[in-house]
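The same chain A turns up in both complexes below, where it pairs with chain B and then with chain C.
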Partner chain A sequence: MLKQPTPETAPIVKKRVSDPLPIQMLLIGVMLLFFIGFIFLPLGLVFAQAFQKGWAFYLESITESYALEAVKLTLTTVAIVVPLNAFFGVTAAWAITKFNFAGKAALKTLLDLPFAVSPVIAGLIFVLLVGSRTPFGSWLGEHGIKIIFSTPGIVIATLFVTFPFVVRELIPLMEAQGRDEEEAALTLGAKGWQIFAKITLPNISWGLLYGMILCGARSIGEFGAVSVVSGHIRGQTNTIPLHVEILYSEYNFAASFAVASILVFLALLTVTLKVALEKQFQKNSFHH
Partner chain B sequence: MGLFSIRRRNILPGFGLSMGYTVFYLSAIVIVPLSMIFFNTVPMGWDPFVHAVTAPRVLASYKLSFSTAFFAAVFDAVAGLLTAWVLVRYRFPGKQFLDALVDLPFALPTAVAGICFATLYSPVGWLGATLTRWNIEIINSATGIVVALVFIGFPFVVRTIQPVLEEVEQEIEEAAHCLGATRWQTFRRILLPHLFPALLTGSTLAFARGIGEYGSVIFIAGNLPMKTEIAPLMIMSKLDQFDYAGASAVALVLLLISFSMLLLLNAIQEWQQKEYR
Partner chain C sequence: MGIELQNITKKFSGYTALDNISLNVASGELVALLGPSGCGKTTLLRIIAGLELPDVGKIILENKDTTNLPPREKNVGFVFQHYALFRRLTVFDNVAFGLKVLPRKDRPNRKEIGDRVEHLLKLVQMDWAIKRYPSQLSGGQRQRVALARALAVNPKVLLLDEPFSALDAKVRQELRRWLRKLHDEIHVTSIFVTHDQEEALELADRIVVINKGRIEQQGTPQEVYDHPKNAFVYNFLGNVNVFHGRIKNGKVTLGSHHVDAPDELKHAEEKASQAFVRPHEIGISRIRSSETDLTGTIQEVRLMGGQIGLNLACEGFDHPIDAEIPRDLYINLELAKGDTVFVSLNRVKVFTGDYVI
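What follows is the complex of A and B.
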């Protein structure tokens, strides 16, 4: 969720009617307690568990062949999902923000639909659509195409789950920017692609990147939907989160948390990038 | 913009192409796959459908999913409001760091959160050891599910309240102060009503997410039939038995509820916009 910048109020720090110091201390204390219980302890636990059998075991856990296969599969999925959803996000945001048409509000609601669907249902619908027991799935099977319990199934379920991320960042951004610049370019004789490449794309680049990072983070971490369509075949259809689950259910906790620590690093990286981009975004909007 | 904009003609190029692709991609990835739930439920007929979704185990799972998501959303409303308040109003070292970490539950894969909480609260875990001595059982209980859902829903509340709280004009509070209101009265009578729609939106989002959540819950829940089986897990186990119709039926009920939450949310937001404009 990208915070919309408010240039007229943001940079001015006003002195507010503030709470008495003891109240402030109390509330900060309660918040810290919550953060310790729900954020810091879990994070600390991951690393404590991951290194409980030492560095050598840690390195072995994250470099053994099944772990590497899982990393490869996850990266492949991200490399397909993020560009597809980013391309769709830009296209849909262009259609929605640069034109007036009937049913715009309904279309916007439909774009958010995947957020309201449980991850397990997100996996289920693709089993129902192209699983080997369905007419379409068995027809595909006869032609040697396997989707469920193989990589395409994982990709398509992830596409569904991360579908809204890019487009929902771009729509408010492009709505706020309006269409004056594009229309001016049109009257000056620019072609459609020129307008897009020279005006729209530079204007939305930070928002696009932001949406892609959120989309990528979710693609890496998606568990429920992928769990339904993957079939958990080691070395073949195991993504990183699924590999973590398998190791955990085999009581191989040290290895499980070692692999999980990769995901924690990526999550912390995502959060850091998010903050950096939000700063960049606010700086940019002051220039407008 | 807004009220004064004149309805303009569409003069930019590319409407047909971009709209066509939007509708195509939306249909291929979202609409057609989702419709499979209906197409698999309808041939069942009414009675088997009702039978499938009112089986004691299924009903117990709905009840569990709703009650745990509800309590987690209430807890998040309090913790989220407090966190947003502290992060917006106070200045203290490390504030930006904590602000950034609010998003961690969004960024951390749910399975990792799941194994973390299951290990923390296990009878030999950092927190579980002490709690077990006090006879408080978190793991394999509804409480454990609430713990996981509180974590998952937390950022929704904070991130919805923060922008609203940032835009509250201090003049309002100063006026209340001048008129002799105490800080608590100002908060209770002036700020809270103003923040309420955002608070409601944030907790509804957390609630909706909680109903469907799977990854973070299954590790801590223990998945005991009739006791700690959440609704998404029922779908999963029906799928494992190749009971596609049954899985679709359970999913359909869950979907209808999630969609009505979405509509409710839109209604709240419209009400919010009318109220404060």
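What follows is the complex of A and C.
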């Protein structure tokens, strides 16, 4: 007769199914090396260089007027670009996911264009479009509006470069959610703006915030496009990355890295926010 | 009249979803739109709700032409196939939604809204879940909340799109009976869409069978089931055995077998016809009781709950015949695979025409 296995005699499955240990160690090792070589080491070096001439010099470098102006310009740009791109992103994602129209597929492809072209080209496009030597640019000039080599140019270039972040985040989300809830609200008597405010916006809020954070991070750090349209006028059209570059090319390394450390702080802040949001996002996406 | 649809036609690029549909639903009636998927029944429901516009036709709700009204002015309650509850709102806020979005002058005050929501949730037996979110509810519970939400705005008509299709069999049956009871209490003119003939037969006052954008037949469940107008309706309302044969001199040939043609076809000239027999209308016996009985061999025995399904190879027939008999009979006759039995076709239904299954 066959003996029935009791809990005591039944074989115990000890290990989870996974890759062999050497492979695990190899992969973890490679990843660690990468992190050390490309993230921890450079970050450490930034701070080492920044504090090379001591605390006093560090503080002076980041509080001198040109540096402060650069911080101010960068934050102003972010404050304009992020809400605008949030608005454009929601509009574009709404149009693409909720309506059917001719050229929809083409539009969806073009949304990625700002990611696909080099930022320098993006900057050049605007110089060619509204620079002082173009008809449109000189017309604007005659009316006292300056775009290239001033703040509006920087904002426009940044807008272009960071446009895809919000919309890329929202399209898959809104596609997955479908139109059912909006239609239900419609049959219950809600008007368009009520549906948007009470149903659509709450449903996409985490995705929207996430996209806005990525958009903000890129706006702070954008160099190429801004560099072309800015004109590098100290105290006027220098953003933080441009200021870092100028100080560096003047062999003022300590000051350059001191200002760069501001960017590092902003980046760390962004990453922290992003992680916090991702947790919320995952928690909420179970609420289907 | 609760709902009057006049000559509704709707074309999508390439095909006609609805082809000149006219339908009347009396106030307080519960009507099933029954048809295979893709027959246009959901499109018709969405047109009544105003979520789609017909190319041609009129929609009259409670004697008012609503054809060109936007959905929010139609005052129609719609229950979606996958419920479409607002995932960011609690059960209370879901049900209260339709009241809260009313213009200020028509909007009840906070207390009235609270009372109404509570009343509705009691009605659908969901008052215990008032603070929960949709994700915390089961399918059947979500369906009830969706129903309460649709009823909150006092709709003139209630439309339900495949209301039970996303539920498992047991819950489906329970909820079906519960909905019938609820409708008997509140008597709101209702149309529901289904592809499940059992659901339509059990629940509806009247069944409208739709195929390829046209109404094939409408009537009470009894009428439609007992007197199907054509082969499609007969076939769609249950399992069938099909025999292709010819009608001649008032007789229909089935394989090597003849039966009397129905009265209306008695004097028809010779033509192709189809005969149908439902599996449960086939008699099985160990003894030959009539000379029209067929001789068959049991090829397969299937357990189907209360019924036993038999697959029979009959002399003179190319295709095997499916029969369903009560379990008791199966046991009494001591049937087994390979046995030879006598088979009587009790209610043969004959249709001519070009419908092909």
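Here is the rule we go by: the second predicted complex is superposed on the first by the 270 of 288 C-alpha atoms of A that agree within 3 Å, B and C clash if a C-alpha of one lies under 4 Å from a C-alpha of the other, contacts with A are read in each partner's own complex, and residues count from 1 in each chain.
Here, a residue touches a chain if its C-beta (ideal position, glycine included) is under 8 Å from a C-beta of that chain, and two chains touch if they have at least 3 such contacts.
Computed from a predicted model, the values in this text were never measured in an experiment.
When the two complexes are overlaid on chain A, chain B and chain C sit side by side with no clash.
After overlaying the two complexes on the shared chain, residue contacts for A:142 are found with neither chain B nor chain C.
Applying the stated contact rule after C-alpha superposition, one finds that A:127 touches chain B and leaves chain C untouched.
Set against each other, chain B and chain C touch different numbers of residues in chain A, with B touching more. In the superposed model, A:244 makes contact with chain B only, not with chain C. Residue contacts after overlaying the shared chain place A:160 against chain B, while chain C stays out of touching range. Closest C-alpha contact of chain B with chain C, superposed model: 5 Å. Applying the stated touch rule to the two superposed structures, the overlap between the chain B and chain C interfaces on chain A comprises residues 183, 186, 191. Partner chain B is touched in their complex by these residues of chain A: 1, 3-4, 6, 9, 14, 16-20, 23-24, 27-28, 30-31, 34-35, 37-39, 41-43, 45-46, 49, 88, 91-92, 94-96, 98-101, 107, 109-114, 116-121, 124-129, 131, 133, 156, 159-160, 163, 178-179, 182-183, 186, 191-192, 195-196, 214, 217, 220-224, 227-228, 240-242, 244-245, 248, 253, 256-257, 260, 263-264, 266-268, 270-272, 274-275. Chain C meets chain A in the complex at residues 49-51, 70-78, 80, 82, 84-89, 97-98, 101-102, 133-135, 149-150, 152-153. Chain B contributes residues 1, 7-8, 10-15, 18-19, 21-22, 25-26, 29-34, 36-37, 39-40, 79, 82-83, 85-86, 89-90, 92, 96, 98-101, 103-104, 106-113, 115-117, 119-120, 126-127, 150-151, 154, 159, 162-163, 166-167, 170, 173-174, 177, 183, 186, 208, 211-215, 219, 231-233, 235-236, 239, 242, 244, 247-248, 251, 254-255, 258-259, 261-262, 266 to its touches with chain A in the complex. On the side of chain A, the complex with chain C involves touching residues 180-181, 183-191, 194, 198-199, 202-203, 286-288.
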